[in-house]
């Protein structure tokens, strides 16, 4: 068997916790079980593994598929979906409740197998409307951002950054090229020309790695959430609606299904390799 | 000059961020400036310095003076308010905006000195209603909880913990003894007997250390925020109202002025001594 | 309530694992559950918390109450047995099995309560012969060794150190003074004059802190276990037997009950504060 | 000169300490000298470097080439045996005694050069019967286990793991294919069907990397050493003996020469990158 | 024996390396041997242990007893000179050469005992003119600066800090009170009024702790070394010379014997507890 | 776009601080701003990032382009000059003053743009004689040294190492092959045969990666700076001068332009990944 090839990729997981009553339970599972188990599993080939706490979803953020828990970021030296990486000494502990808390399974135990999920099952949950569940959004992208559309010289000394991170897929039947034409010719110029935006970056999602439906990931920065709201309401007033819109107004995409967002700050995340030291609750 | 005496104390700061537009700015100041400066200042005599992220204030939480940012915890080997500890090589960087973001100064720059605050000024802000500002709540207490009223044998294996932490002062003119009589004879038995509570702890605030008006600190645990809400509405129905109540219904105290709350999980906080490694934002 | 006084003390726990079939289970409990829970409980007033792996008990070591698992060491700033330190937010998870694995409870579940122990119960187990169980040995001593009897100038460059650490109590009815007379006038001179010993240190056990029956702790160093065996057999041939001996030959004390030993190297232990980073098993 | 290619590999060293009188000396060399020197040498291209303490060799374990000191594990990004990696600023300190303590050189100084070994000499020691020395066993394997034969869904919550790790070579003259036929058709089905086994994994040794004679590495898990003993005695009763057996009973291979074993727990090893902080012996 | 009392003190050692040919040798001894041994010795009762690299001694700095190696800082919870702290399991490795490199012993091996020094011998070296050796300067002072004479509100945002740290003793026969009169009435006002100084702090040396001859420690900050030079030449022109001056011009004290200086920046030092991870030289 | 290829390379930056009045300012910029920003930028693909403090430039060191601040070392998994790595979320904060302090821009603000530099501008500064500025020297080389010319078996136990690290380019118009002929046939044999040298290593600079003019990097070790001085004066007396010499005596190259040196010890550098914990100045 040929050895695996070098294929540095970055991944993002957009984590939600739709019901506040579960937030502390999800925290417990992630920090008590999942973080150390994950490091044990992929430590030697992941160079950074970090959780970034989500800022609360701002007003109007639901239309953009806003999620409220965290961004999980990994940097992989190889494609972790390659079949040669599949055998692990220990499987991750993945109780179905952890999927309920994230909104991927309905909060009705009778609807899922009592038996333990494994991580792969969990990461394949797609959500559906009847159950009011949302898809597990796990995207791969290049190690470095591909396109730098605005604000390349911005440093930490240049002000506060309210970072709107989102990924999306064009509606079914719209090709990446077709969709990107609108994205680069219409949507991006609109945002680049707005006074409210300070920085714009985008990459194509490497959806071929894990058969993700998502196609593009974007980050647009603002001074704060008020500037964000102006931008996505006033600022887009003259933006041409794409013919393939599934929703009438910007972003023209169905929340949670076609577009998913996180609102983040510059706060360094919990960089588990250098910081994790066990689950030590307050006395 | 006699050397300072051993006086181990724990302190809590209840940090709020009343306007969401400022949350990321407050994060920046705390993690970029304040954490490393604080460790440089008190590292050799503080044995633990941790921030715990607040869970969102639950429904009805405003009546309890719910705050939404974090709990700051220190463990001191000596009383940091002692005059012998006052000379520091470097003063903390404390721009007035950091006080605005926490709700202690009004969001109108014309009302405060442009010049830098120092930490002591900041920590003395009391808030007032006209300005819609709230007091800086910084309380000292024993290193160990004083009273164990329910659930002493609870371990991490016994379920999830939704921890309601609050401090309060009895209304002006009510002595600690007078107030505590109601607290221990009426309020605590009510909570101890509720099925919703799993753990109850309380200590007297060592208000003599920094002239804090607050008198008592309490922690009551529940399975989740729904159980909390039941407890503080249904559960207290038959609780006798104290004669000195300044508010008609439980907790019988004015939010933010007489009672201040945080809602916390068991999630280990950001233990700065073992975890801080500079301000490294996401790429 | 007066604040607690400064009382720096060091403690040792002599941990055994009498049945090899349980060693990995005991490791799991200690590193998965006990270490992070302990740090959460006493972190702010314990300045060092370390486990040192025991070398295998050498030939003839059973006569000296040799234990084979580890030495647990704490440095406390205050007496942890003081009543003012007794209220903890979370209780340690202490299943009775963990006591079975250490030899403190018989390996017959029907003999102990199914309910969870707490740490204090566990630390009070005394062992008895019918059950073939041994006492929990937890001793307090001064922060610094009290008596330096041989080898004060020894540095790390002076050779290998095979460290025999033991604690003992004189037989019932023998006072510390009476016993110490023999210890200092007969036993210590014998060991100091032996060519096999390189370093000798001893302190009185602060048995008043936790009502421990043990009275003295000693450390004697050798180049290796062969030198140790020579010393405790050939080397003591002319040592005068104390009148109170409960056993005919040196050490004249009943193993596990009156004398307990660990054999240790200079290997730095697992210093949990600086090293613990969760339970991450090998892939 | 072409730059070196990406070739992620994992390696195991099976470390023994045949004479207990040397265990603390070997510990000293490994932790005082070898760990920091190794990290200085290969830090930038080894992503994890860990020692796992061996459980004592169980009864009957000698027949399986049981070793009693530790497993050394590295994860390499490139093949460290490539000629382009051979020039190091500093050579490792490798006194011949360190090889004596591991059983690779006879304990008779007159038989080896007084001059220092270097690491490559050391790692090439093969052992021989007259001297009662054993080979240095250093094997390379894929980063991920290749074959998952039993228990793929096992998580840390599913019970204790007594992990029997072994590597072996088929007797001289037996090809890998010939040997593997028996291994996969006879030996593995026997173990997979045993009630005592909970997990079985195996990979081919990448013996081409360092000309190691060993051909296969296997890990089989049990609840404890009693289950292991049942398995390798009762459990293999009906296993067909291979025609090429050099020993009459299972494992049909010569201990230490053809098969070498370690008995390990899930205890996280000493992960030197995140944990090493110098050689600080107990006070 | 009464337990030791709480007595938090800070200490400074002013380390010099008079001959550049020895700088790397001194670094080796300090980082290879001394740092880990020191932490092993006093870790549980020293809350911070840091080396700060000296800036090069500026022009004219020799007149002020400028030293060029580093400042060693400890924060002690108890007085380490107390007789109850004197027994250590291991003695520090202190070869006389390490004292030669620091200028405390003459660079002539025939003048000192070949045998190893211990730390206490080393720390008592006083230097003498014939040998061109200088005293070991080890001073204790309060945990917090005592007197804040200028610039109390200075923060890290207020500019660069060139920190002149010095300790001194008044000439023999001059009492502290007599000397301090000049210091506070003449010298300090001169420096406080200079435009070149940004910050002035001073404490009395707790010379009673270790019989140090030094009496006062001072820190004066400047923007850079040019401002420092202006200050100590131009700036002091009108300063009244004390009657007890042993040297004609400011600082009126004999360099190295009566006054010793270090020139330091704000650069965080090597904080050994959180940073030391062994001696790992560049590849 | 094809994913980036594995291309492990090491880089060195030779950092100078020509005016001592700026040393603390350069330290501030590097440790307050540059280290955390750099780690945030390249953390996931740089496996080690370290600063090594320069020993003072020895007598006669100026002729060799001696620099006095530090060596910056990175180990990269990919070529950081590849166009696919150019988009960064945040740009490094690179004020022109930081280049003045390193001698790359003249100390006359009127000569440079007030606007911020970016890192790439900074790293392209070449220096010129009129301004008395020196080039930014940033070289790439193989992960491992290429040629081992003397002392391959040297270990840390074999004595002190005074390490002369230098890079150079042959004069314009001299090809690498032409220059290397003299280097390997004349210069290297001279140094290899000297009693003063203990270790010699060299690699070709991978100047194609960043269009660096430098061609070769060499490290020669001595016991101390006196041995170095002997070597580069007495020791080279009979060395044949190359026909292309631009300077009359050894090293026959123009300092700072054609040859640049650092003098280093074995002192482990500031390994930022494992050691950086924010900017915490001395109290």
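We just call them A, B, C, D, E and F in the order they show up, numbering each chain from 1.
Keep this in mind: a contact is a pair of C-beta atoms (placed from the backbone, for glycine too) under 8 Å apart; a residue touches a chain by one contact, two chains touch by 3 or more.
All values derive from a computational prediction rather than experimental measurement.
Undergrad: Moving only to chains each one touches, count the minimum steps from subunit C until you reach subunit E.
TA: 1
Undergrad: When you check each chain against subunit D and subunit E, which touch both of them?
TA: Output, common partners of subunit D and subunit E: C, F.
Undergrad: The C-E interface: which of D-E, A-B or B-E repeats it, judged by over half of the contact pairs being the same residue numbers?
TA: B-E
Undergrad: Since subunit B and subunit C are copies that touch, just let me know if over half of their interface numbering is common to both, same, or not, different.
TA: Subunit B vs subunit C: different; shared/all numbers falls short of half.
Undergrad: So what angle, to the nearest 5 degrees, turns subunit B so that its CA atoms land on those of subunit E?
TA: 120
Undergrad: Find the geometric centre of each of subunit A and subunit C from their Cα atoms only, then give the gap between the two centres in Å, rounded to an integer.
TA: 51
Undergrad: For subunit E versus subunit F, what separation do you get between their C-alpha means, in angstrom?
TA: Comparing mean C-alpha positions, subunit F is 33 Å from subunit E.
Undergrad: Could you list which residues of subunit B touch at least two other chains?
TA: 6, 37, 40, 43-44, 47, 77, 88-90, 144-145, 156, 268, 274, 277-283 - these are the residues of subunit B that touch more than one other chain.
Undergrad: Kindly provide every pair of chains that touch.
TA: In this structure, the chains touch in these pairs: A-B, A-C, A-D, A-F, B-C, B-E, B-F, C-D, C-E, D-E, D-F, E-F.
Undergrad: Using the touch rule from the top, collect the residues of subunit E that touch subunit D in their complex.
TA: Going by the criterion above, the answer is residues 35-37, 39-41, 43-44, 88-90, 276-283.
Undergrad: Would you pull the subunit D residues touching subunit A in the complex into a rising list?
TA: On the subunit D side, the touching residues are 6-10, 47-48, 75, 77, 142-148, 152-157, 199, 201, 219, 268, 274.
Undergrad: Provide the residue numbers of subunit C that touch subunit D in the complex, in ascending order.
TA: 20-25, 27-28, 31-32, 50, 52-53, 55-56, 58, 71, 73, 144-145, 156, 160-163, 224-226, 264-271, 274-275, 277-283
Undergrad: Quick check: in the complex, which residue numbers of subunit F touch subunit A?
TA: Subunit F residues touching subunit A: 1, 3-6, 33, 37, 40, 43-45, 47, 77-78, 84-94, 116, 118, 273-274.
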